[in-house]
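Order of writing sets the chain letters: A, B and C. Residues in each chain are counted from 1.
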Amino acid sequence: MDFIVAGVAKAIALLTSGDAATWTAVFATLKVSTCSMLLSVGAGLPCGFVLGYFDFKGKKHIRTILDTLLALPTVFIGLAVYAFISRQGPLGDLGLLFTLTGIAIGQTILAFPIVTAITAATIENIDHDLKLTLVSLGAGKRHIIATCLWEVRYGILAAAVMAYGRVLTEVGISMMVGGNIKYHTRTITTAIALETNKGLFADGIALGLVLITIAFIVNLSLSFLRKQ
Amino acid sequence: MTTKEPAYHLNDIRHYYGDTKVLEIDTLKIEESSITGLIGPNGSGKTTLLKLLAFAVKPTRGIILYKGRPEVPFSPAIRSKVTLLTQKPYLLKRTVFENVAYGLKIRKDKNRLEERVKNALLTVGLDFQKFAPRKWHELSGGEAQRVAMAARLILKPEVLLLDEPIASVDTESAGLIRDASLKARENWGATLVIASHDLQWLYSISDRQLSIFNGNIFSTGMENIITGPFEQGDDKIVVKKLDDGQIITLTAPEKKTGIAVIRKKSISIDLEKQADQSFLNQLSGQIASMLLEKKTGHIMATIYIHDLSFVLRLTPGQISSLDLYPGKKVILKFQSTDVEWI
Amino acid sequence: MNRKIVFPGILAVIVIIILAISAHAGNKSLMMATTTSTDNTGLLEYLMPHFEKQTGIAIKWTATGTGKALKLGQNCDVDVLLVHAPAAEKKYIESGYGKDRREIMYNDFVIIGPQSDPADVKGKSISDALSAIKNKQARFMSRGDDSGTHKKEKLLWKEADVPLPDKENWYVQTGQGMLATINMAQEKEGYTMTDRGTYIKYQSTKGGNAPLKVLVEKDGILLNQYSVLTLDPNNCPTAKHDLALEFSNWMASQTAQDLIKDFRLLGEKLFIPNAE
C-alpha cells in the first residue's frame, strides 16, 4: 500500500526534474497515440459512414465481423503486425520493427474498429427528418453526406476520444512491435510494465499517474469542443 | 391557347415498404399554383405521398411527371424547387441564420444574403436581431417550425408541401405559418399541397381536397369509411351492427373482408324515414358540424350515426329547405349497393 | 465549405510530420536483442555509452526472454545477440542461424530462499538442495519461459536426478522475467534459482535488506556464461555483420572488460569478465 503513496511522490519528482527517460517516454506515447488516433479516425469515419448510411447485402455480416474485431487482444494485434513487418515478413524491408511508426500502425489497427463501429451507430441514429430536410433545401448527394457528418459531429468526437483512450493505454502492441527500447520506443505503458516486472512498483505507479495526467489534459482540451 | 402542363401528373403509382403496399394511385393531377388539401388519418399514406411529391423517394412502381416531364430524386429540374416541411419542426444543429441561409449557400447563391434572410424571417414574424444568432435548441416548437418555413420560403420554391405544418405549434405560430404559405402562392405562384387535420383551414383555402385512406386516394375529398367487423348475412350481403341497435347492410365484397367506402354523392339526407325497403339503409343521426367550402360555397356537414361519422356536401338550398343546423336530428339514406370496397 | 477542406488538410500535415520525426535517420546503427536479466542489472546502461563514444555506432537493444531473442535473430529482426544459454547458442550455430560466438563475462547462479529455510538447503550442494526441496515439497518458483536461466534450471534438476516437477503443486512456473519471479518467491516465501547479478539488483531495490537470502552457491555447475553471438550472413544477408563484429570485438577488448569488472551494485561485483 505504501508503494502507492511513494508512487505519487515519485510521479511529481519525475515530471518536475525533467528526467530524460520519463520525458522521452511521454513524448513517445503522445506521438504514437496522436498519430494512430488521427489515422484511425481518417480511415474509420468514411467506413463507419458507409456502414451506417447505406443498406446493402451482407451489412449484418460485416457488422458482426466488426464487433468481433473490437475484442482483439492487443498482444494478438502486436503479434500479427510483427509477423508482417519482421524481416521474415512480407513488409520486412520497410524496417518498421522496433520503431514508433510500427507501433502507430498497430495502434491504428486497434482503434479502427472502434471508430468505425461508433460512427456507424451514430449515423444510424440520425433522425430521418434530416435527410428529408436536406433534400427539401436542395442538397445534392455530396452535400447530404457532408452535412450529415457535421450534424453528428459530437458523436464522431466521442468516437475519437474513445479511440484515443484505447491506444493511449495499450501495452501489447507497443511491447511487441516497439521492443521497449529506452529513449526510442519505450512508451509510458511499456515503461510501467517494465518497472512493475522489476518489482519497482512505486515507479510503476508514478508512471501510471503521469499517463493519467496526460489523458486528463487531453480530455480537458477536447471538452472545450463539446460546447453543447 | 396552349393548356399548361399540370405541376404533377402521377400514373400507376404503387409504393411498398418492404412487402407492404402503402400507396396505390392510378392517376392524380395537381395543377400549378393550386392549393390542394390532403385529408386522412395517421398511417394512411399521407406522408409517403408527400415524400414522393417531394422527390425524396422514388416510387417502387410508376412514374411521376413534374411539369410534363418524368423526374427522379436529385434531378436538377426539381432540386430546391420542390420543398417539404415536416410535421415535427426539424432544424440543423446551427444558428437560425445558418439554417435559413443553408439552401442558398449550397447553391452558391450568396447575393445580399443577410437581407434575404431578414426578409424570410419577417415573413414568418421573427425579428432578425433577436432570432438570427439563436442556436437551434434555443427556440420554442412554434418558433422552430417558423424558422424551418423561412428556410424553405427563402428559396422561392415552385412547390410547397406541408405535412401537418401546424400540428405541433402554438396558435400564434400557426397563424403566421398559414399566412406565409398563402403569400408564397400570391407572390410567386407556388403550388401548395397541405396535409392537415385543421379542416376549417383546409376548406377555407384549398381549391380541392384529396382524401387518403389506407394508401388510396379519393379525389372527391373525404369520403365515408365504414370499417369492420362485418357479419355475414344472407348470400352476398354483409351486415354491420351498431351498438345503438341500428344495422347497416351492404353488398358483400369480393375478397373476404375490407373497408367499405360510401361516396358522399350516394347519401341523401332527410328529416324522416320512408317506408322500409330492402337494400335501403336509413340511419338516424345528428348533425355535428357544418363548415363552409369557400371556393364552391358548399357546406361540408358532418353527421354522427351513433359513433360513426359521415360527411356530406350540401348546397345552401338544401340547408335552408330542411332547416339544418348543428344538433339537428336527421336521417341518412343510401343503397346497400352504393358501396366500394378497398 | 472551406473549413471542411482546410481542417483535414492540417490533420494530414500533422500526421506526416509526426511520422517523419519518428523515422530514424541512422548513420551507423546496430540493433541488439538481449535478455531481461542482462538488461535489468543496468549493465548495458552503464556500458553502451562507452561503446558508442569509442566506435561512433549507435546501438539500440530490446530485452526479452532468451527464446524470443534467439527467434529475433533467426528472423533477422536484429543484428547481434547478447545471451547466456551456451547449449542453445551452440545449437544455433549448428542450425545455421549464428556465426561467431564470443564469451564475454560470467556470473553464477544461486539458490535463494526465505531465512527460515523450510527444506534446510543451506550450504548443501546444488543436487542435494534440489532433492531436499522435492522431498519437503517446498515451494519453488521457476522462470518457466525457456530463457537461459530456465534452461539452466532444468539442467540442474536433471543433474540432481530429479524428474522435472512440471505438474507438481509446489513447483510454480511464472513465465516471467527474473526480478518478477524473485518478487513472487518473496511473496510466497518460496525458493528460486537466479543469477547473482539479478539477485544483487533485487537486493538494491529492497534497500539492501531483502527477505530472500542466498542459500546455495559456488557449486561449479552453477556457472552462467554470457556471450555475444553474431548472425550467419547466409541466413540474414541484410543484417549488419561488420558492425556486429565490431561490437563483439569491443566487448572482448580490454576497455570493455575493465568496465565490466568495475561494474558494481550495492558494492558487489555483478559480472566477471572472461573474454580471451
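In this section, contacts are C-beta pairs under 8 Å (C-beta built on N, C-alpha and C of every residue); 3 or more make two chains touch, one makes a residue touch a chain.
Computed from a prediction, not measured in an experiment: that's the story for all the values here.
Enquirer: Could you see whether A-C or A-B has the larger number of C-beta contact pairs?
Expert: Of A-C and A-B, it is A-C that has more C-beta pairs in contact.
Enquirer: Whose C-alpha centre lies nearest the centre of all protein C-alpha atoms?
Expert: Answer for the innermost chain: A.
Enquirer: Report, in whole Å, the distance between the mean C-alpha point of chain B and the mean C-alpha point of chain C.
Expert: 84
Enquirer: For chain A and chain C, let me know how many angstrom lie between their CA-based centres, rounded off.
Expert: 32
Enquirer: If you average the CA atoms of chain A and of chain B, how many Å lie between those two points?
Expert: 53
Enquirer: Which chain A residues reach two or more other chains?
Expert: In chain A, 150 touch at least two other chains.
Enquirer: Mind pulling up the chain B residues that touch chain A in the complex?
Expert: 51, 54-56, 73-74, 79-86, 88, 90, 92-93, 102-103, 106-107, 137, 148, 151-152, 155
Enquirer: Could you list, by residue number, the parts of chain A that touch chain C in their complex?
Expert: Per the touch definition, chain A meets chain C at residues 31-32, 34-35, 38-39, 42, 86-88, 92-93, 97-101, 104, 146, 150, 179-182, 184, 196-200.
Enquirer: What residues on chain C touch chain A, complex-wise?
Expert: 4, 8, 11-12, 14-15, 18-19, 21-24, 31, 36, 40, 45, 60-64, 75-77, 176-177, 179-180, 182-183, 201-202, 205, 236, 238
Enquirer: So in the complex, which bits of chain A are touching chain B?
Expert: Going by the criterion above, the answer is residues 127, 129-133, 135-141, 143, 147, 150-151, 228.
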